[in-house]
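Below is the structure I would like to discuss, written out as structure tokens.
Chain naming follows the written order as A, B, C, D, E and F, and within any one chain the residues start at number 1.
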């Protein structure tokens, strides 16, 4: 390819040619309405700074096979404004090779902290739980989900919908939880920690995800849901660890998980009836909503003030103040 | 006591004296507003034909101790109309003795079929389940609840709120289920049977009841609820019986139980997504609503046309036709 | 046309050429975005096994006139996967002729039982109503709707939305009703029969349909609705047959029809207040929901497990179990 | 009785003795909690200026028979403040005699215009309908309800809940309707007039009332409701008058009646889809709400600013301004 | 341009060529899917009789700059039916010049009365307010909004969404208000007038509009809303005019504005608790709904009976009667 | 009075005589149903440890005048269990005198921190706001409410319904706010501080309270509400301090106050559309709900596990764990 500047998605400008490495996030073959129709491809090129629509005209049979979603490619193209949005016309495209020295993880949206570090925080918090039974159940469930916590998103699109989004959500909630237990000592810190770690622990089996991007809900996810699934794991933990599944400790853990969506219409079969369950719901909600805003601000250009409408905030857009 | 006719509650008439054996269903001590105030007791006397309010004036300390709820008594009294309702003024009262030859079960509201016979039907249906795993899980849960199924009501007041109400509800649902599987063979009969037997199986631990009368929800019932509790037992059954708790059979059973209230606001964390789950919800609802009406008709005098408002029917009263 | 295998819609395969007879269910003329634009046609080809999108490129003026919706055609074409869906590129197309020996009814979705047989069942059930007045009113309304019952669908898309769907729905409900009256003899069997036959009897005038496919609601349907329309017919029947329109029998029939949607927000001006009205609503709902599922299963390939979301089931998709 | 001033309810003062003629609006026998208990009566004494609670202590058997609701009595008593409310202790009471020269209608709450005058306005408006068919149907329904329109209230308690309340409501609505047809000539004045007169025409058979006071809904009222009942009368009118019940005129009248509650949850099986139906709903609502306020202001003392909460206004109290 | 008849949008006919002056209401540049793609423009041409879609094929760079929305142009074109709708193929296009003698206001949808005349009515009504304080506050707010009242629409699309729609809405409401104060003299006419004039007075700053067409809500409109904004202006008026902002008069004005949407979910922070506030809400609603219908009727051809669904009427379409 | 132990409400025991100083929280005169009836008084005696019902039999005219609510009294009485609740029979009662050395504030429920200290924290936080305009507006509103912040409750009964409850709520929210701004630096700390201090600042004029006990809402509170009232004060502050009321800073403050109830049905005319507004709502909700629980735990005996149902928590009772 000719001598062009390597350019991130965020830095593409109307009318300029460029090269760059990108991840194909979405890919589809379409046909023109000409007679006879010709195939072309609609690709979404992305890197950690954003995503842009791209057209690959006159797509060959080989192109159609070579560039599915989740492919890492080198692209030469031209950026053009089209209906107020930048669009890329692809001039050249090829898959990346080892020699390019690029790896997938550079190209995906991800939590702003190293996942292994986040996981270590979760493990350290688990170790700090003083009650032996509670700690053991939390550890059992953590072991059950294992490495998936390193990359699972917290949701399909609602909030923290990216690589390691779930563990990032947990860690930030643990920070709020720690503050709150200090502010209100009548709260049981062990339960707050356990509730935060367990509340969404079954999300990685509720959704099918790759690189932090959820493609669908699993059958298990649809028929049982992450809330009930986590409660079943707590019972499993109690039985496998030789505890009484009807003890008050286990019942409290079940309740924290089952009630954390607060209302029946949001998926909780029981409503919060422990102080820690009420706290857990509010910690969860506060962290999710503020993260939605922080993430939405990151995707709009510096000279824009309004984000797109955010579904999790009653579909309201958020305004960025100028002072 | 003097020579009066033994009279059932349903046959008490204004202005007549009577004697009879009754169960005290409710009991409270009150004070008159005289100066100084005097103690009297408000009792609810009941037998299998109904219940009536009664006053025991000038209650002694011994009376207050001797006549709590759930006591079987012989009463001599006078029935009087008071604000359009019959009320009993107690003249004499004593606890029953062995010599009276009466037993508690004659005095309580109960399913119209012998509980042991109902339980036998449930057991026979369980035995008829062809799939080994499904049958074993159902049996495990039946064993877990054991004899409580002989007397547990199906609800606090909503429907089938009497002795053996739950097992009666199950058996009637099994009849509808059998019909439906014949009418629509694409339904899996094993799952319909299992779903019907398991759907409310945890109700006896969700509520505290005696003689079919629920006094309160248990702490377990409030914090976990019968829906999630039954799902936990299914996991327990699978683990104890050496089955894979993530198999499709177990997942289907979980789903039937979890979804049978249909909507989140009615307590189901997931909505029906199996044909059998949709069927189960409708069988459950149809049996509960029609039983409410049948039971309500049984409590109104022959010359009245309207029942009291029925909470489970959007608080509508039901009209009994005259033809 | 060349020697190709006659192929049903369900058996079309990617990349294969075929011929076949189909019904055009939908038809529209579009223009390409070329300069100058050219006309082409988007057709939906259907037979009793399903439906598929098709393109007729370079449509002539004669084509545009010859191939409106509801036309029976012979097509030679090629099936191609386009965005994960099969699409047909039409090579040749012509209207069918008498010589082809095909008739419209082979190509439409229809109840699985012969309509005349279903209608006979409805008539026999009407004849079995023991109360003279009730039977006469039912017969009057049946006569009023006449042959339209042979082909009317039960809904635009909600459930039983096909040829003879309404009468099929009635017959299946009558089966449930018969079971229920046997299980619970306090229900008035005459009213159950009459309520089932009358509840949707005005649907054929509420909707404009051809061959079981509803194109729109009628003005009468929008301004009065099938529920009130049926109640007006009952009054008309009473008056024409010389009965008292205020008698309890007529009032009961009115109530059954008026209340069968159960709630005001679902279109019922009064809520069920007869035992038979409560039963009718549940029979109606149970049959409609289970039929939606049975029909949805019939339209998905054998190797798929999930149906499309079903609007009448809170927009939930249904999972087909693998055991 | 001794020489006391004849006093209206509105003029009773704490600590003063009085005599007066009153209507007993409510009457019940109660028992004191003394031993033995004694009978006394709780009466509600009313005249056109208001109502007050009264006690008749030591009620004899004859008292209990002589003073049911709807009895006109002469009372000597003493007014006392009891828990911030005036209450009457009855000293003497007797039924009125012909010699007293008082008649029932002086004692009841009533529309502020003579009922016969209101009815004449309704008749004159009916006569002014230019379309022969519409006028004939309205006249048929007016004849059907006959004299009951002279005294029927418009509701049990919601609005215009007094003698001739319904016809007063109709007349005031006709005034708004006349204004509106002048302001917006595209509205069909015949339909506006007919819709206003017919919309609540079946209320007198929906409710059981005496002297403008509704004691209950009738069985017909509960099972059919005034909305559907009026629509059935329109069909009856059309059939008896030899009109086509499916004509657009009749359909329009049906629609006006059926849709006038606007929403399904408020009892309308169809929603307004004629300009005149939208207008009718707004005229009805505007008149009802403002009358509620005007009536509420009339019942509070001059020195109070807030009415009691008004159920028909989202249970809001209304503030009377001081300027 | 050649010698063609000047034609209004409403009079375009399929297959005919024409010329005319139009306002471009919407404008966008699109690309064909040909290879290489070519630019064309989708324009919406409008005049006071309606609007029509138009295509400008092979758009030059100069075209793209010259024909944004809100441009007045002379067009030569051909009308063609495309998917049941008329579409214009533009043959020639140019901006209008002074010589053409056309002005923007001829081309936009507008209230049916001259804006200056409407404004004069508002001013005269303001002058007729007898209470000095109320009149001064209304005048202050009128001055604040100034000339914007001459052209501001009353809404983005809901109702009165055209040039001078807001002031037309106010004047029509004043007519209803005057009638109502005459019918029910207990209403305070000053408050009714003031409430009507002030209730939507801040709409011109809530929305960004040009020529009566709202392009978006302003940031102020989103963050504060016209209801609270108007209440802030009342406080400002009181302070600037030296009145006590806590006086009952000012409080009443605040309440009228704050409560006029009736319910919290419709944007009112308090619910109507003054008679005049209840009246204001009903006047507002009645005028808005009936105007929606009147305007909808004006946009459908004479031979059609149903309007499009109207969002403000629960998304119901309205039927135009044939008699 | 005789030589009895001074006893707090929490320490009263069945059957024991006692003396003590109490505040009369509620007081009413009732009559016995004896003939003739006698007056007695129902009092609620309270101190900082709780409240108990008490009867003063044979109340004299002087008693009725001497013991209204909010009177401080010395009582000699006997505690008795009556229907499972302790009740006091008053033997002697007198108003306290200066010699008793007791002051009102010892007897009322109050925030657990000295009000002046809480107010000092609010002032210090105000001083720490870096933006001059924002700080000045906050200070203006604080000055406006003045000393009332020392004792105003935060609500009638919902949460923090006691002496200095409002300022305690503010201070606890400021703690959460400070944590959150540290955790998420993109939040504007000045706005978080200002929003917390201002959000409920108008509550003291919305409700009529004495000693932290709300007796009613004020007329201003009902017609305008604390949300709009606070927004009006912000405008007043801007105008009086010479700022532009339309500046972005002022608009942001308005928005924080207006949106803090989150939804229209909860009283907010606009929904949160600033990050700080979303945060403010969550901080408010988290603090209010957890305080409700903490306060509810304080009122139940040590041996009880369940609180009474808490209205602000969807009417759920909360369970106190035993570990």
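Keep in mind that, in the parts below, a contact is a pair of C-beta atoms (placed from the backbone, for glycine too) under 8 Å apart; a residue touches a chain by one contact, two chains touch by 3 or more.
Because the structure is a prediction, the values reported are computed rather than measured.
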Contacts common to chain C and chain F (chain labels): A, B, D, E
Listed pair (A-C, B-F or A-F) duplicating the B-C contact set, over half by residue number: A-F
Pair joined by the larger number of C-beta contacts - D-E, B-D: D-E
Residue-number overlap at the chain A/chain C interface, same or different (half cut): different
Cα-centroid distance, chain C relative to chain E, in whole angstrom: 43
Whole-Å gap separating chain A and chain B, where each centre is the average of the chain's CA atoms: 47
Residues of chain D whose C-beta touches two or more other chains: 33-34, 219, 222-223, 252, 263, 273-274, 317, 319
Listing of all chain pairs that touch each other, if any do: A-B, A-C, A-E, A-F, B-C, B-D, B-F, C-D, C-E, D-E, D-F, E-F
Chain F contact footprint on chain E (complex, rising order): 219-220, 222-225, 227-228, 231-232, 235-236, 239-240, 245-246, 251-252, 254-255, 258, 263-270, 273-274
Chain B-facing residues of chain C, complex: 131, 172, 175-176, 179-180, 183-184, 186-188, 191, 248-249, 252, 263, 271-275, 278-279, 282-283, 285-286, 289-290, 293-294, 297, 313-314, 316-323
Sites on chain B touched by chain F in the complex: 28-31, 33-36, 219, 222-223
Chain D contact footprint on chain B (complex, rising order): 32-34, 38, 40, 57-58, 82-83, 305-306, 317, 319
